[in-house]
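Paired with chain B in one complex and with chain C in the other, chain A is shared by the two complexes that follow.
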Partner chain A sequence: MIPLQTQSTLPDWAALAPTLLLGLTALALLLVDSIDPDDDSPGLLAGVATLGSVLAMVVTGWYLVAGTGMPRTGGAIELFNGQLVVDGMSLFFTFIFASVTALVSVASYDYLADRAHQAEYYALVLLAATGMTLMASANGLATAFVALELSSLPSYGLVAFLKNNRGSVEAGLKYFLIGAVSSSVLVYGISLVYATTGVMKLPAIATALGGGVAGQGTLGVLGVGILMVAGGFAFKTASVPFHFWAPEAYEGAPAPISGFLSSASKAAGFVLAFRVFVTAFPLEVVAGTLDWTLAFTVLALVTMTLGNFAAATQENVKRMLAYSSIGHAGYALIGIAIVTGTANQGYALGASMLHLFVYGFMNTGAFLFVALVEYWGVGRTFEDYNGLAKQAPVACFAMTIFLFSLAGLPIGGGALSKWALLSATASAATLSAYLLAAALIVNSALSLFYYSRVVKAMWIEEPAGDFEVSSYPTGLYAAVVGAAIVTFLLLPAFGVVSGTAFDAAAALF
Partner chain B sequence: MLVELLIVFALMAAGLVFLVPDEYAGQFAAVLSLVPVGVSLWMYSIFDGTGNALLEGGQPAFETVANWITLGPYAISWHVGLDGVSMPLVVLTTLLTTLAIVSAWTPIDERESQFYGLVLFMQAALIGVFAALDFLLWFVFWEAVLVPMYFLIGVWGGPRRKYAAIKFFVYTNVASLVMFAGFFTLVFGLGDSISTLGLPAIAQALEAGQLGSVGGFGPGTVKLAAFAALFFGFAVKVPVVPFHTWLPDAHVEAPTPVSVLLAGVLLKMGTYALLRFNFTMLADVARANAALIAIFAVVSVIYGALLALAQQDLKRIVAYSSISSMGYVILGLIAFTPHGVGGATFQMVSHGLISGLMFMAVGVIYNETHTRMIGDMSGMADRMPVTAGVFVAAAFGYMGLPLMSGFAAEVLVFMGAFRSTTIPMAPLFTGIAMFGIVIVAGYLLRAMQKTLFGPFRLETDYEIGRAPLQDVAPLFVLLALVIALGVAPDLFYRMIQDAVFEVTALGLGGGA
Partner chain C sequence: MVPAEYYLLLSAAMFCIGLFGILTRRNALIFLMSVELMLNAANINLVAFSYQWGNLTGQVFSLFTMALAAAEVAIGIGIILVLYRNFADIDVTKPTTMRW
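For the complex of A and B:
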């Protein structure tokens, strides 16, 4: 079966197959649960969730290889009268969401052992993933908002899943409140943009703005609208100024969910921001109103610096990872901050996409390792990790790969994606790009300090007490080791992914 | 494909050793590490590279180029190959790894499989550093060396190992970062004139004067800034005084086999990179600042030797003497004469062997006595005659006894430096540096006299007997190599000469 031929025979809606698969898996999980609600066989639920997300991942990977929605096979596929679009970028991000979902599902099998409401848990994860894939495909502001809510609402529930744990409930409430505020900011921004242009679809907005629909009097309204839309996305990506929820939510949530939110949910925020700003508000059209690259430059600088400095002062590993996740949001913002028209735009955006791709594996892996440690009942501070490597060398080896890769040492793909960002700033060759490059280097150096603290605790320090690892949970181990293998392989095999990312990003312009 | 074979085999060996039970890990690792030794010696015997790998007309042996990734305008390749400079260093790496593994059998008694796995992993990365001819590939290996070293010091080191490991890690990482930034300034300045990050392409573009301005600074300034950043980055690694303070801590805390690799191979990464980057790519800047660099070199020689003179700990003495020996390498490189640069490269190999030998000899004594303090023992020759004999031989090698490799290396360096037209007042600098030999003789003779000779006295509670064969055997292998290279330096010197000859003619046209 030659993919390209199959492509021409499939109907257009088949391009949404990954989204449909994820959504149907969520429904299937509820069905399984309703047939026998008292059956607590987590294996079946975790298996169905994993199967569904792996299927979605395989289909997405196949589409990416076949070039569905890419210029070489006829360009983006528009569905539902142009409300949804399937192109290289949406598929690339769908692959991230599906693979993170698969990892989280496998890991949750052990993490959730003996807990109630497992079916709801898996169903919420898959519904959130469905929402994320829709965010990647959304081609209109209204669709974007609905998709964003579809991914956010299950997330609130998931963060508060450990409902007997005060931290978890508090985190859920905080996440929900800030989410609600930022949603309203976003929807207000959308309404302002609609007020000036009168359309909702992204390409139509650009056309309307380019045609001079916006009168002189409404330029200010448009500018405020764009800024508010950016604010709405900042919530989803855990960037300044809507980042306050992230440390609490990631710390309080079940660790697999922290990994899910900080990798997949963040990437979903980014893909939406990329598409909306590049398609609806092209710089040459809105430059007279608002130079949003400047806004993103400032956001990127503040976000990465704040995230890294805060991470350096933490005593709790999970919280450190949460702040470092904010720092990485700052790195990923570089891609959109240097889309200045003069630079190689596709390259800049592609570099950010690559960073989010690698991040999806190395960060999820790191949080899953934290989940493993929580499963063993070890504490959460750096000291509690002392001497862990004596008990569990394989898992600690995997964690070491994650941490060094996050720091940008060439032990995993993280180094290459940072280099891609760095060379993208070089190709932009503006003062703000150089500033971003300098901040990236300085922050990476700083991050090595706090990441290596964990490594030092695990391998070098002596264990404080007579702690014994009692069991080696298969699911968690499989997920952690699997993520480590992918993180490492992304170093030699980076070229396999990078070509697709740059092509997909270039097709957007 | 042979370079790939070496690297991949070492990586797989590392993985295997990581998984075997602790009891067999040492023996298993030693057997596995014999394969890279055999392959590298075979590669040496069929070596057919000519000229310098970075320069026009040079043809490295065992070269492979394969596309790896494309980052924007630059194609990043898997580009490896060996020329006359890197081939001896690869042989040195494989030999010292095996010997270090054998010498670790006695002192390393916990978490063995992890220890030997890390050593083999580091070997893979070290071979990569010397073989890589693409900047990003080279940088991947360069950084990858740091990670196992950090663990090797931090987990198996002495009482202050945590401090030493962190200090090593932070120092060298900051240095790497500065070096990375410096190199990328050059890449930006070269702009469209290069389409890859291959070291030969960059060296030749710089040679052809393609460097443009970066951010409003002219090519001359850019070159100078890049040179300074690169020099700092590598000087920490070498180390050159005043960037040397991590070295004694790392050496003293590291277990003996790790010290052997640290002094024997890791320090050479710094001088090797200086030769490749500062003295080949930016030869004109190096020439223009020859006096300053020669001062760095001479200060390292004298100050390092004086520091060694003041130590009471045998291991510290050897550690500080490395600083002094590395000063000779820098002096030879900056001379820009065939014997100077060639002798410096030969000194890298020679010092790798001799300092490895010294550290191992100190390690053998320590394994038996559990002390390294000069004041704690005397008359060791009485109880450990074989070890003491090797120690004396090694010390004389360090002092430059003829027919040992140290003599060949230092004579070449001094001859080259003396006749240098690049260093102002070259005879003066060379004369001062030669005085370093006297100090070396001073502290080594004193150390030997106090510890090895005289009536037997030992202030520890350990029973002391003859050292086991597994501890002594590596000493003899190294000693044999030191003498072999001293009698027949041409074993390596011929290919080194061929590779560095072009370098000495660089930078005379004066680009900037």
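For the complex of A and C:
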């Protein structure tokens, strides 16, 4: 491959261009709004937000193709004295965040029609996306915490955005309360890690721990600290034990925001967890204190089982998707749970990255379909979806692709990313890896049951009332169909993405 | 010099008081105060061990934590305000429009 861009051709800070683009777009949105606050043409705001996120996506894609930060062009680029690092993994996840932001911005154009405070909405979405890209690049516990808060604080406001809607406010409150507690747990964990090592940068922590800084008396403190840090990340990824907010927040929030949080925000939590645990707490160094793969194995098993079983009992489609999103967090945890000496570590982590990539499109698409249905004023339960395909076959076909891909049927990239996770567990070949593989298969089979209930309602059942679809909103349709096309194309083009993911993951070890 | 373990004990006690407040009190504002206690427990650790290790990393990070705690409270007060407008109460157990 021709190195289109290497460290020598552009200055180092240019590696942060996607983050800067997203942040500047957020400021530009506020500027546009302050020039003419009473302007009621939402097209401009949605256009600026979409343009900014698409630009960030294109730049990230270009860097990924050119190999910025990859070993083949000179390795990871460190910025700000090593507080931020741009490598394959951070760019891979930045691509996910930017594309989800673009989809959400396009869809919000219709969803927000005739609502006040649109500029603030788009600015908060872009700011949260900026925070997520920083989470992907954070190379110190301090930067990690600040980036995590930069993505969390706008999210609280976005969930409670419909401030006259009781569900939205309740969702925002619950999200905020659990978020505040888990961020204080995270910062306390960071303080305990600092207490035992005296440093904050991730590679320095690994060096300090490897040098035997932790005496016998402080091993317990370190172990508690690592567990609390893991708890703080579990909130972002909506994993057990900090998952309680997820069903409420996703159900009450505006549907595009539910999609944004459940795919982009979740992926941001995972990339931070991957980097912190692999770089700062490598297993060979901390195994004597705390074998965190065991903790993640238990979390993965509990999270995927709880998410899928709870999803199977739901009557509300949005809430079903919320619980299935918890289940998918459990699948993505498999990658970090089997990063042990025996497994091919890069392959395991790469499989999780791939699942989050595909999930970014198929899950956002599914929530945007729910947004479309809310736009039409159709109810929220499975019965309300009856006969929808007669009225809107294109959107329902897209939704069918999302749901079957989420279940793991070979109609979208979801099948291949689950297959990658399975083969990663097979290569690990330990008892816990086989347990995880079995749980993945059983849970996927169960998930097919509740996903196909929606498909059955849309295509087979007769409509209950005399419901008529009055309009076909362009923005929502474009986002839903676009996400469906990408989800489907990831089936034949999976190899293109997977090569990048495995290279990026392998570079961490 | 006060031994380092005492600071750990103090901060752990503060953290637990904050956690206890979160689990038992129903007023959203008291909830915010309890979160503040938990964050400041971490600050005690950071400052004490910054002195212990002889570098400034912990002290600087504790300033960041304070700023972020303030930002968090700002968002939280806003959400509690709309909570009051919608439910006419700031009891965190009252909003139960969604149940599984």
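The rule we apply is simple: the second predicted complex is superposed on the first by the 503 of 509 C-alpha atoms of A that agree within 3 Å, B and C clash if a C-alpha of one lies under 4 Å from a C-alpha of the other, contacts with A are read in each partner's own complex, and residues count from 1 in each chain.
Keep in mind that, in the parts below, a residue touches a chain if its C-beta (ideal position, glycine included) is under 8 Å from a C-beta of that chain, and two chains touch if they have at least 3 such contacts.
As the structure is a prediction and not an experimental result, all values here were calculated from the model.
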Which of chain B and chain C A:456 touches, first, second, both or neither: first
Which of chain B and chain C A:416 touches, first, second, both or neither: first
Touched partner set for A:499, first chain B, second chain C, both or neither: first
Touched partner set for A:344, first chain B, second chain C, both or neither: first
First, second, both or neither for A:192, with chain B first and chain C second: second
Chain B versus chain C as contact partner of A:142, first or second or both or neither: second
Chain B/chain C common contact set on chain A: none
Touching residues on chain A, where the partner in the complex is chain C: 142, 145-146, 149, 153, 156-157, 160, 163-164, 166-167, 169-174, 176-177, 180-181, 183-185, 187-188, 190-192, 194-195, 198-200, 221, 247-248, 251-252, 310, 313-314, 319
Interface residues, chain C side, partner chain A - complex: 4, 8, 11, 15, 18, 22, 28, 31-32, 35, 38-39, 41-43, 45-46, 48-49, 52-53, 55, 57-58, 60-61, 64-65, 68, 71-72, 75-76, 78-80, 82-83, 85-87, 92, 95-98, 100
Chain B residues touching chain A - in the complex, by the definition given at the top: 18, 67-74, 111, 114, 136, 139-140, 143-144, 146-147, 150-151, 154-155, 161-162, 165-166, 169-170, 173-174, 177, 180-181, 184, 187-188, 215
Sites on chain A touched by chain B in the complex: 344, 347, 390, 393, 397, 404, 409-411, 415-416, 419-420, 422-424, 426-427, 429, 434, 441, 445, 448-449, 452, 456, 459-461, 491-492, 494-495, 498-499, 502
